[in-house]
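Presented below is the structure to which this report refers.
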Amino acid sequence: MIKPLIQYFLALLLAPLLSGVINRVKAFFGGRRGVPLFQLYFDLYKLAHKTPVYSRTTTWLFRAGPVIGLAAMLCALALLPFGGRPSFLSFDGDLILLVYLLGLARLAAVLAALDTGSSFEGMGASREVQFAVFAEPAFFLALAALARGGGGLSLSGIFSNLTPAAWLTASPVLTLVTVSLFIVFLAENSRLPVDDPNTHLELTMIHEVMVLDHSGPDLAFIFYGAALKLWVLGGLIACVILPRHSGSWVVDSGAFILAMFAIAAVVGAIESVMGRLRLLKVPYLLMTALTFSILALIFQAGR
Amino acid sequence: MTTLAELIIVAVILLNLSLAASGTLAACIRLAAAQGVIAALLPLLAGREVPPGTLVFCGAVILLKGAIFPWLLTRARIKANVSKDADPVIGYPASIILCLGAFAASSWLGARLPLPETARVAWIVPASLSTIFTGFLLLTTRTKAITQVLGYLVIENGIYIFGLALFVEQPLMVEMAILLDVFVAVFVMGITIFHISREFDHIDTAELSQLRDWHSGEAK
Amino acid sequence: MIILLMLTPFLAGLSAFFIKEDARRRALLLAAAGGHFALTAAVLVARPEMAPCAWFALDPLGLLFLGVTSLLFLGASVYAVKYLSLEKRDPGEDSEEGFIFNNEPEAVFTGCLLLFLAAMTAVTASRHLGILWAAVEATTLLSAPLIYFHRHKRSLEATWKYLLICSVGIAMALMGNLFLGAAGLSSGVALDLESLLLKAPSLDPAWLKAAFLFLFVGYGTKMGLAPFHTWLPDAHSESPAVVSALLSGALLNCAFLGILRVAQVCSAAGLAGFTGDIMIFFGILSLMTAAFFILAQKDYKRMLAYSSIEHMGILSLGVGLGGGAVYGALLNAVSHSLTKAGLFFVSGLVLAAYRTKNISDVKGLIRRAPATGVLWLAGFFLITGTPPSGIFLGKFMILKAAVSGRHFAAAAAYLFFLAVVFAGMGRIFLEMTLGEAPVHKGAEKPFEASRQMLIPAAFFFACAIILGLYIPAWLNELITGAKVLIGGGL
């Protein structure tokens, strides 16, 4: 019981570091020095001490949005296995709960955005949901493909079952799942090529625009929730790539954390190399992810 | 070695999907050529002793499908001066979904068709059937003549893969005859495409519709 | 002997590409056709023994179709020689749209024609289903340049459709061959007919059914069964008359041979009921399609093409019904080939006389070109099965077998569609033949049809009439032998 709790707190602590790594890698590609690695921590601290400003058109939904989002992400984090080790809240069927918790977070964000009454946020909300139509099935089916490989419907069970030997016998499935999960990762965390986190132009924002009106601790919640989302989705990918192989908890956890940072670095590299896709082409990308998930599921089912 | 063969099958299926989604003619030609070459590698991975006849045959297939057919078709494409395919009749997302559905259906079918125990790689029948379906899709929903020829080539790829599934000892004569026929067919089609582009100034077969039985609104 | 049968036209075809003088080339065409016919007659009389497990051998079924092909080709070559010399004289001017077009080099045409004969001979003589497949594919590729003789837009469109649809059909047939191989895998059977027929009961029925379906679709596309017939009307209406005659009279039969071979195997394996039902269904479907499209037809060559589709439907129906209907179907095949070839020859003359393919523009044929008109009308009566005609006998036998086999629905549909076709074709033919000849530009004198082009048609019609009255013993024996092979029983 102690080890899963330590894992949880480690995740809580290290999650904001991921975006720092991504930004640093992007700066490196751009020949700049870039923001400090711990910038997100400083931002959270700064925001926590500010007073929030609420628009007169908003209701309780607007205030509840970030809170619900963060709560959902904290629960989702509790379900996440850490380097193949079970999390402290795992049970059979928790992968469905994970998908729905992420959906709940998205719902809260979208409602809060719509609640401001501004067309700006409404546009961002509609785009966000439009992409979710493709991203969620892709995500769900990828997890289903993994679940079919054994281990019941529990994430921890699935990843405990996943051994390096699985990569030899089921490599097509696992490769397809990894690529699909990675595309979903890019889409859900609003990374390039789906969405540019740095842009603040009306035509190009998706996620940024939804949180435009939040301030103070609400914004801190949103940033922290986003960091946790990075960790959750990245953690799934890391668990697939790095099936547990050594018996030691320390080695496994260390490898897992390293893999997380490696994933963050890869995302940074991708963001530096690729431009943003046209909005009309993003569904194609997500449909590719959906296709891969379906293929992986069919392959796994026929095995 | 079975995993490598499986990876090749997966690659074939992924190539099907990218063919269904691709809009540029040059890309389509390359994808179909890649599919042919990859499929030609399959008998070499059977994991047993490879007789020299099979080696020569695989080399011939790779040469034909990887070099000669793309060259013929690219020549036709350049002479006809086309680069982009016209919008397909059913749209790219629908094409991809259809291909996926075909793959699911052929997996189901593949489980029903009792294969002899000599066929060890499990996904060959679904892969071949879905490749054939993708070829049909290209043939019927695309209007540029070159894409239709590519559809025919993809159908032949699928049939080739299916033949591999059934005959572990290659009946070399039959496969050779098939290959020869495909070569002559593509050759003749290439010549015809050249004639079409010269006669019509385009190779859009949707425009080839003068011969029909329903003459609506025609003044006599 | 059989190899010589194939080699003669093959070598003649290859050399035709290189001969520069037209007269010599046409003489070669005639000589090759004549030699091929003589060889076929010799084989018919001598009946060389079939060597076991040889790739090529002639059983009664193959011999029947080979004989028809050879005879047809002889007549076609006589017609073609005159046709080619006429085409050489006039520059091509399109009848409908008035543009000038080129013709294909005559060497290519003649060469492909001879090679086409070689390929069809290979189809009839092959005992290995893989060789059969390759030969059928070869006929597709070799007949494409033949269709594209007049080099203009419409014939190009027809050629492209023909190439693509038939190639895809042949690809389906290849799948069928592979399935057949799969059916025989467990018992180690190769694709040659002898071992297939011998070990038929041990073939896996599921694979065998799938194989039959694919082979039926594939060869059925080449044969012109609905709904795979879409290339047929275009190809027949745009190609020169001699090519249409060969396509309708010889090629469709050869494609049917492919289906018959696999039906042989299936009936030896006990699946005769399954195959019969499929053949009956598609036969009636073809009849219906043909009837439907003949009614509103505006182009007389297309009408003839749909009539071919109708007859292919009748063939399929007959073989599907089994028993005595098989005899009727085979008799119908022979008679239809002869009659349709003759009709296409005459249509070529009509086109030359009136310079239009539209039915409404052709009137008073019997006044303008008496000999042609008489033949045209005679052809109509023969092809729709008015006695005395071999076709009538064949159709009647099929009807009889349908009723006695209690396939009442099929028989009723059969009769209905035949009546519709008769009505449709009757209207067209009578409109064309009788009536006032339109004042054609500069054509006051009657059209002089070349006797060389009239004789083959007349000869074929005479043969068809004779067949309706009396079937010579050797033909009877041949057809009965073929019928037994297909599993027609008594």
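By letter and in written order, the chains are A, B and C; residue numbering begins at 1 in each of them.
Operating definition for what follows: contacts are C-beta pairs under 8 Å (C-beta built on N, C-alpha and C of every residue); 3 or more make two chains touch, one makes a residue touch a chain.
Note that the coordinates shown come from a computational prediction; the quantities given were computed from them, not determined experimentally.
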Identifier of the chain whose CA centre is least distant from the whole-structure CA centre: B
Farthest chain relative to chain C (centres taken as mean CA coordinates): A
Between chain C and chain A, distance of the C-alpha-averaged centres to the nearest whole Å: 67
Chain B and chain C, separation of their C-alpha mean positions in angstrom: 31
Length of the line joining the C-alpha centres of chain A and chain B, rounded to whole Å: 39
Chain B residues within the chain A interface of the complex: 3, 6-7, 9-10, 13-14, 17, 21, 92-93, 96, 100, 103-104, 107, 111, 122-123, 126
Chain B-facing residues of chain A, complex: 168-169, 171-172, 175-176, 283-284, 287, 291, 294-295, 298-299, 302-303
Chain B-facing residues of chain C, complex: 130-131, 133-134, 137-138, 140-141, 144, 148, 151-154, 156-161, 163-164, 167-168, 170-171, 174-175, 177-178, 181-182, 185-186, 190-191, 204, 206-207, 210, 233-234, 237-238, 293, 296-298, 302, 360
Of all residues in chain B, those that touch chain C in their complex: 113-116, 118, 132, 136, 139, 145, 148, 152, 155-156, 159, 162-163, 166-167, 171, 173-174, 177-178, 180-181, 184-185, 188-189, 192, 195-196, 199-200, 205, 208-211, 213, 215, 220
